[in-house]
Amino acid sequence: MSARDAIFAAIGADAHPAATAAALLARVPGLRPDRVGNDAVESFLARLTGPSVAATAARVASLAEVPAAVRDYLRVRGLGPRIALQPAAALRALDWAGLETHGGIAVDEAASVCLAAYAVAETGSLVFRSGADMPVLFAFLPMHHIVVVEAAGVVAWLEDCAAREAGRPAPRNLILVTGPSGTTDIEGVLVRGAHGPGHLHVILAGAGAGVAESS
Amino acid sequence: MTAAFTARTEQAIGDRTLKLAIDRTTGTARAKRAAAVADWPGFEQARELGRDIKDHVIAHLGHYLAEFERNAIASGAKVHWARTAEEACDITIRLCRSAGARSVTRAKSMLGEEIGLPHALAAAGIERVETDLAEHVVQLAGDRPSHIVWPALHKTREQVREMFAREHADPGPLDSVEAMVGSARRQLRMKFMAADVGISGANFLVADSGAVCTVTNEGNAELTTTPPRVHIVTAGIEKLVPSMAHATVLLRLLVRSATGAELTQYTTFHCGPKRPGDADGPDEFHIVLVDNGRTRMLREGLAEMLRCLRCGACLNHCVVYRQIGGHAYGGTYPGPMGAVLTPLLDGLPATQDLPRACTLNGQCAEVCPVKIPLPKLLRGWRDRSWREGLPPRTEVFGIGVWRFVAARPALYRLATRLALRSMRLFARGGWIRSMPFARGWTAHRDFPGPARRSFMEQIRGRGR
Amino acid sequence: MSEPKRAAPRVALFVTCLVDAMRPRVGFAALALLEAAGCRVEIPRGQTCCGQPALHAGDRDGGAALAKRTIALFEPYDAVVIPSGSCAKTVCVEYPEMFPAGSEWRARAEALAAKTFELLTYLADVRRWRPEGVALRGKATYHDSCAGLRELGVKRQPRALLAGVAGLEVVEMEGAETCCGFGGTFAVEYAAISNAIVTEKTASIDATGAELLLGGDLGCLMNMAGRLHREGSRVRAFHVAEVLAGMGEGPAIGEEE
């Protein structure tokens, strides 16, 4: 008997459980932490920049203003005007004058600029779908991860993220980024930048009222 | 109790550095978890939902395994099945060899530890690079993990500094924990890019998509699984969830219980190998599904243990774990969950101390995010030990005599009177400082001298 | 003469093997408190031990045999009261689980479990009794014993009752809900671990500056008191029932009568 057959034989047959699986999910809406207010975008920013996720954020009126916001971030952080730019059409189409952009990513890359597919308000998470235009390593190799996300793309709950993904072809990697890389492996002391980015900066584009720095 | 366990616990208790290290990490973990739970009034009901989701999967394991396999294959993954640890290692080594692997990066997985994968890779002559910071420390020390979330919890910063200074190519000053983490970042960076195979575990296997979910805070899982040509997942068959939406319910519970955060920094669903045109990712994606005792747990009254999310909360809150640390348990998994799993994995005769070295105080079950009745399961092992005649003969004899006497009140009164009289011979000024049959107690504590006459004797004298 | 049942329930006091042998004062305190709370108290002569030592060792048959005789002995009463959360939990939680669902003994165990109470819970929640005219000057700290706390919900009752003792200040220790390391035979068999646990406990007791350590389970109290005494601490230990019954001026655990 193959290992597979042996394992199935040991488990025994069972009935199709689709209805009960769905019934379990029906209980979810009452059993979530109270994290999303009337304005999902505001809730997202509050989580994102709160002490737990510890990212920084800026808001701009439209994608066209993103390059200026990136330049501001690099200047304030004392970083050179160079970025690894994710090969996403929406980013490539912007005017990056004054910045040197490249399409590859080095192992010691200082900063990358990525476009998140969407974001989750509940946890302050950014969602990336890997693909030809989203190399996974862009989110992991640089020390500064600058992420553009459109305000219209903020969903409320993790379940909304699951619902968005259900029924569409899965990418190789669906990645939820919730803060800069961190470790507590030495005596429980939190240190950022363990392997992944030490800094996560989000530029939220569009919708919403202000264009002011939110943190 | 067995001599080996005594020796391990006494060594651990005598190690004040170890105690300091345990207290630092588990203390922080308990405080953060408590704050996260206090911040979510519905946590208790959410635990019930988490338990029900896991129970549902366990009750329909065959259905979900078949669904997962079907969808994983459809996404381009290769699915392998292993009944035992040996089979799982053999499959993994074979996959590494056929990939021509000289160097393998590995993202922490308790299942990998359980099946002995580090040893199997070494035996096969394949370089193994542990990428989780704690596992890196453990590897440099030639050590074993002592906690399922913080494997290097037993190492102090001073010990880590010394090792990094000795082993790292470019350690720098190492004058802070930040500097130590920076040194490890530099050390491991090129290893990530040069590996031929990346091996990860799985926090969840998503049946309706065939995806494998990993959670890390460091980002080492994605750096392990993206650059190499081959990504191998080793996962226990109990890691299934029906869908991503079910996984999110469990993620909320898992992360809060483990670290007190609301979500891990990197929560990634790996589905199949890289797609045509993808900028990066592995060409091959293999999933090794491992039984190694799990189907036996279904049959042997341990099905509830298959709910375990490996969050480590039961370890952090266990008074015994906090005194002896992880190594004293002698198995892959320490603490209360380890005391339930290790007898299954390593056999009860050699591990019968684990379920017995427990005060049954219930705090582990109280903090478990999926409400595993850990004390009940530990007692199940004690019952089995008794049935199999494993406890010390003196104990079996003692309980037998006591049983006989306790069922006969007149005899019981007589025995109590005699016992009190002889115990009082040892009492000085109300206290007993040393007494045969209770040396364990009196080695550390005084024993209150008993009453002159028992309650039942006195009450009889009062005509009640 | 028979009184109406509602007015004065016929209560069996199960003192526990540990109180019987080691500290009868707790039994007398429980008796006095139950009478003060308007109960007709009887002390069934056949009582010995609830069987917990056998059950915890894994001897299910031995445990079941003692459970059956304990059930038969106590089932005639309106209520059974036990001055120990640990032993009450054995009767209330473990007895029913020992017998197959639907069996006669399961039904009898469940019936007994439904009318069995830990003493302080019974006084506070069922009898709605409050101490009157009880005084004890001093500062005390209360340890939540695990079985009572987690299985029976004994938490607020002892504190509420102690609040009615004039002159007594109760201060909370760090980790009041953390196990003291007793665990029955665990304290002897795994003595080194048990000692390490209780040593942390006594440190947090001492840190409160309390003169009195109070609890609702004699086993835990003996463990903590024994360690405190070995360390030379001046903290004295009593069962809560003793304090409530006005016996808090008497000898503490380990002190000569």
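So that you can tell them apart, the chains are marked A, B and C in the order they are listed, and the count of residues begins at 1 in each.
Just so we're on the same page, a contact is a pair of C-beta atoms (placed from the backbone, for glycine too) under 8 Å apart; a residue touches a chain by one contact, two chains touch by 3 or more.
What you are looking at is a predicted structure, and each value in this text was computed from that prediction instead of being measured.
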Name the shape of the chain contact graph, picking from line, ring, star, complete and other. line
Farthest chain from chain C, comparing Cα centres? A
In terms of Cα-based centroids, which chain occupies the most central position? B
On a C-alpha centroid basis, what's the spacing between chain B and chain C, in Å? 33
Provide the C-alpha centroid distance between chain A and chain C, rounded to the nearest whole angstrom. 54
Chain A residues within the chain B interface of the complex: 2-4, 6-8, 10-17, 20-21, 24-25, 27-28, 30-35, 47, 52-53, 87, 107-108, 122-123, 125, 130-137, 139-141, 157-159, 161-163, 165-166, 170-189, 191, 193-197
Note which residues of chain B are touching chain A in the complex, please. 21, 24-25, 27-29, 39-42, 45-46, 49, 52-53, 56, 59-63, 65-66, 75, 81-83, 87, 131-134, 137, 150-152, 155-157, 160, 177-178, 180-182, 184-185, 188-190, 192-193, 208-211, 217-220, 222-223, 226-227, 237, 242-249, 251-252, 259, 261-275, 277-281, 289, 291, 295-296, 298-299
In the complex, the residues of chain C that touch chain B are 15, 17, 19-25, 27-28, 42-43, 45-49, 51, 53-60, 62, 65-66, 69, 146-147, 150-151, 177-179, 181-183, 185-199, 222-223, 225-227, 229-230, 251, 253-257
For chain B, which residues count as touching chain C in their complex? 1, 6, 9-10, 13, 319-320, 323-324, 356-363, 365-366, 379, 382-387, 391, 395, 399-400, 402-403, 405-407, 409, 412, 416, 419-420, 429-431, 438-441, 443-456, 458-460, 464
